[in-house]
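Multiple structures follow.
One chain, chain A, appears in both complexes that follow, with chain B as partner in the first and chain C in the second.
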Partner chain A sequence: MSLIAISSDSYASGLDIARRTAAALGYGLVDRELLASVAAERGLPQEQLVQALEETPSFFGMRGRRQQELLVHIQAACLEKLREDNQVCYGLGAHLYLVGVSHALRVRVLADPKERLAETAAQRGLPPERAAKLLERQEQERRRWSQQFFQADEGDPAQYDMVLSLGNLEADKAVELIGDAAGYRKFQAMTYSRKCLQDKILAARVLEKLLPQFPDIRVQASDGTVVAQVQSLKRDQRKKQEAVRELASQVPGVNYVEVHVIRDYFGQAAQSGR
Partner chain B sequence: MPEPLEVLLLDDEPIVGRRLKPALAKIGCEVEVFENPEKALARLQQKEFKIVVTDIRMDDIDGMQVLEFVRQRWPQSKVIMITGYAMMSLAREAMEKGAFDFIAKPFKPDDLRRVIAKAADALGYHLDFAAAGEGA
Partner chain C sequence: MAIITISRGSYSKGREVAEKVAQRLGYQLVSRDVLIEASDRFHIPEVKLVRAIHDAPSILDRITHGKQCYIVYIRSALASRAKADNLVYHGLAGHLLLKGVPHVLKVRIIADLEARVAAEMQREDISAAEARSLLLKDDAERRKWTQTLYGVDPWDASLYDLVIHIHKLSVDDAVEFIVQAAGRQCFQATPASQRKMEDLALACQLKAELVKQDCFELGVTSEYGNVVVYVNKGGRHAYHLDAKLAALRAKLPEINHLEVREGLPFPPAAV
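Let's turn to the complex of A and B:
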């Protein structure tokens, strides 16, 4: 009766452990196959969804605003899927947005560093020193990605309930340890943790609706009440509040919307300087 | 006539007991309400309640201590924790110590009735949940 969100410094190693864990426990696996339905249901290009999960925003690549929107679509779909108990989730960033859901066991799997280095060197045709530098750069970019979109450092062990190093553990043993931990009472679902998950689902659905129009919006939900925080110039304040309220109210499950406005001082200064 | 399900309800806010006692009586629970944890523990020392509902944050003795006491004294009893200070670490701690469920305040009487009905099921009792009426 719990959820397991796995994250890894190597996509292939993490996927392997996620698959084995789901098979060993008889759990469902929620992985990037979900992206096909996210793309189909929302009319989005699937390759952009993958890109949003993998790339750090850059001047030449995907813009941060678009990437944030795509990640929220993934988040909403993934959380909805995780409403079902007994799921292992991998490759969708769930470890970053399940924070606070007590029946979600968050696991970091560290690939065997020697194997990882050798694989990267072979795949890219690089000498070991350059492959090591490449891996270091990728790790830094990954941290920037998680900090930019989820305000958390994905590489920080404190983000997880469990960190397993495949350099020191066989894959089967790692799976066994994850299965044992998932059985602990503290990771069992309860009324409160289900409510936390439900609130996150609603907040993500509202964000899906609002982000395209209000890129700076922050949303929290509790029991059908949505609290949104948006930046605005003084003169647009009322109009913006109404627009946010109207859009958010269209999301099924929303009973009440409260909109807080933060004064956009930079915008205000720019306006008055004209 | 089915045997009533005996419930001890402990919350230092009197309004909680006043509201929940009739709500639980509607589904066939016989409820004893306590506002003072010491008195509740004294009662629990004497008598086994099938279900104990306790607030967590109280003066002197907190809900976690009540949970530990009940788990030791009456291991079959189901303990439901309610709190206005819910957070993940507290929820996990309560579950680890053997709580049956953990509910964040504020909640509707139906939310608690649903959990009590689940606990009753686990104890082999059947409560007439429909008798409470929708949202009552």
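Let's turn to the complex of A and C:
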């Protein structure tokens, strides 16, 4: 009766472990196949959803604001799916937004560095030194990605309950250790941890609704009460509060909306300078 | 039949985990004993060795090779202990000091800063701010130590086989995981991996003896007792190395063959 969120430095290795773990425990697997339904339900291009999970915003790539919106859609759909217990989640960044849900076991799997280097070198046709540099750059970009969108360093072991390195541990052993940990009492779903997950689902759904109009908004939810923080100029304050309240109230499950306005001093200074 | 190194921050419950693992497996528990052994063997006050393994080397140390010498002594003492197998070592950089030996299970135990602050407050009877500042300073010192001497970050999870966060997982859970992992085939000593351990111990011992005789900036490798000493160009004569090595060869009967290579880059496996 728990959730397992797996993260990995190598997509293929992590997926393999996630599949094996789900099979060994008889759990469901929530992976990137979910993106097809996210794309269909919300009318979004699936390639862009994959891109949002993989790329760091850049001048020539996807804009940060658009990427944030896509990630919130993925987050909402994934959390909704994880409402069902006994799921293994991989490849959707769940380890970053399940923080605070006590029945979620967060595991990072590190692929065998030699195998990873050899695979990258073979796939890209690069000499080992250049492949090593490429991997290093990819890791740095991944850290930037997680810090920008989830304010957490994906490579930091403190973000996980355990980190397993496949350099020496075989995949079967890693699966066994994950299964054992998931069976511990602390990772069993309790009323409070289910409530935390429910609050996260509601917050993500409200955020989906608000983010296109209010890109700087922050949302928290608790028992149907939504607290939103939005930046505003003094003169637009009331109008913005009303708009946020109205949009958020349309989301099923929202009983009350509280809007806190943070004064946008930079915007105000720019306005007064005109 | 394995060697387990447990790397930990202060107040991360790593010591408790190590003690329980050693007890469960009936292994020898080693930490400060290594320093005492190094202190006895190389006639260095223990306090200097404690500082060497705790404080990052200063600029002066880098010139005088002060701390590096002590690390060489500590490494030699640890390697000779690890030769006997069935050992749990907890302390700084065990995974780096025993690098290259296949049957070493490298574990890191981490804990939440808040839990560590609470433990430090209770033990030292100080305020939360003081405890936090002490812990952060200690962490920074350890990070600097490892980065200066080994060029790696001790917080990098890829250096370990298993990283366990003591938060939702308890000390007993961590012990269970480590015991399970240590039972795997890949962490059992084989004749080949035991040979590597013995070679590492021999290389470390030779290097420690050379450092004791003021021979710095050299690398030592050993394979089946065939020892190669790497020195920078001109270093051989400056240290009067040949004479010193001849004396050491007589002292260390494990050496089958001894060779000095001058001006060649040190291989990564060299100690």
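Quick note on the criterion: the second predicted complex is superposed on the first by the 274 of 274 C-alpha atoms of A that agree within 3 Å, B and C clash if a C-alpha of one lies under 4 Å from a C-alpha of the other, contacts with A are read in each partner's own complex, and residues count from 1 in each chain.
Assume a contact is a pair of C-beta atoms (placed from the backbone, for glycine too) under 8 Å apart; a residue touches a chain by one contact, two chains touch by 3 or more.
What you see is a predicted model, and the numbers here were worked out from it, not measured in a lab.
S.K.: Could you tell me if A:D216 is touching chain B, chain C, both of them or neither one (first, second, both, neither)?
M.R.: Neither partner.
S.K.: In the overlay, answer first, second, both or neither for which of chain B and chain C A:G100 touches.
M.R.: A:G100 sits against chain B, while chain C stays out of touch.
S.K.: Is A:L110 in contact with chain B, with chain C, with both, or with neither (first, second, both, neither)?
M.R.: After superposing on A, A:L110 lies in contact with chain C but is clear of chain B.
S.K.: Tell me the contact category for A:P157 with respect to chain B and chain C: first, second, both or neither.
M.R.: Touch status of A:P157: second partner only.
S.K.: Just chain B (first), just chain C (second), both, or neither: which does A:L169 touch?
M.R.: So A:L169 only meets chain C here.
S.K.: Would you sort A:S193 into first (chain B), second (chain C), both or neither based on which partner it touches?
M.R.: first
S.K.: Looking at chain A, does chain C or chain B touch more of its residues?
M.R.: More residues of chain A are touched by C.
S.K.: Residue overlap on chain A between the chain B contact set and the chain C contact set?
M.R.: Touching chain B in the first complex and chain C in the second, residues 102, 184, 186-187 of chain A appear in both lists.
S.K.: If you look only at chain B, which of its residues touch chain A in the complex?
M.R.: Residue list for chain B touching chain A: 86-88, 91-93, 95-96, 98-99, 101-104, 111, 115.
S.K.: Which residues of chain C touch chain A once you look at their complex with the stated criterion?
M.R.: These residues of chain C touch chain A: 102, 105, 108, 110, 112, 155-158, 160-165, 167-170, 173, 176-177, 180-181, 184, 186-187.
S.K.: Can you name the residues of chain A that touch chain B in the complex?
M.R.: Chain A residues touching chain B: 100-102, 184-188, 190-193, 195-196.
S.K.: Which of the residues in chain A come into contact with chain C in the complex?
M.R.: Touch residues, chain A against chain C: 9, 102, 105, 108, 110, 113, 155-158, 160-165, 167-170, 173, 176-177, 180-181, 184, 186-187.
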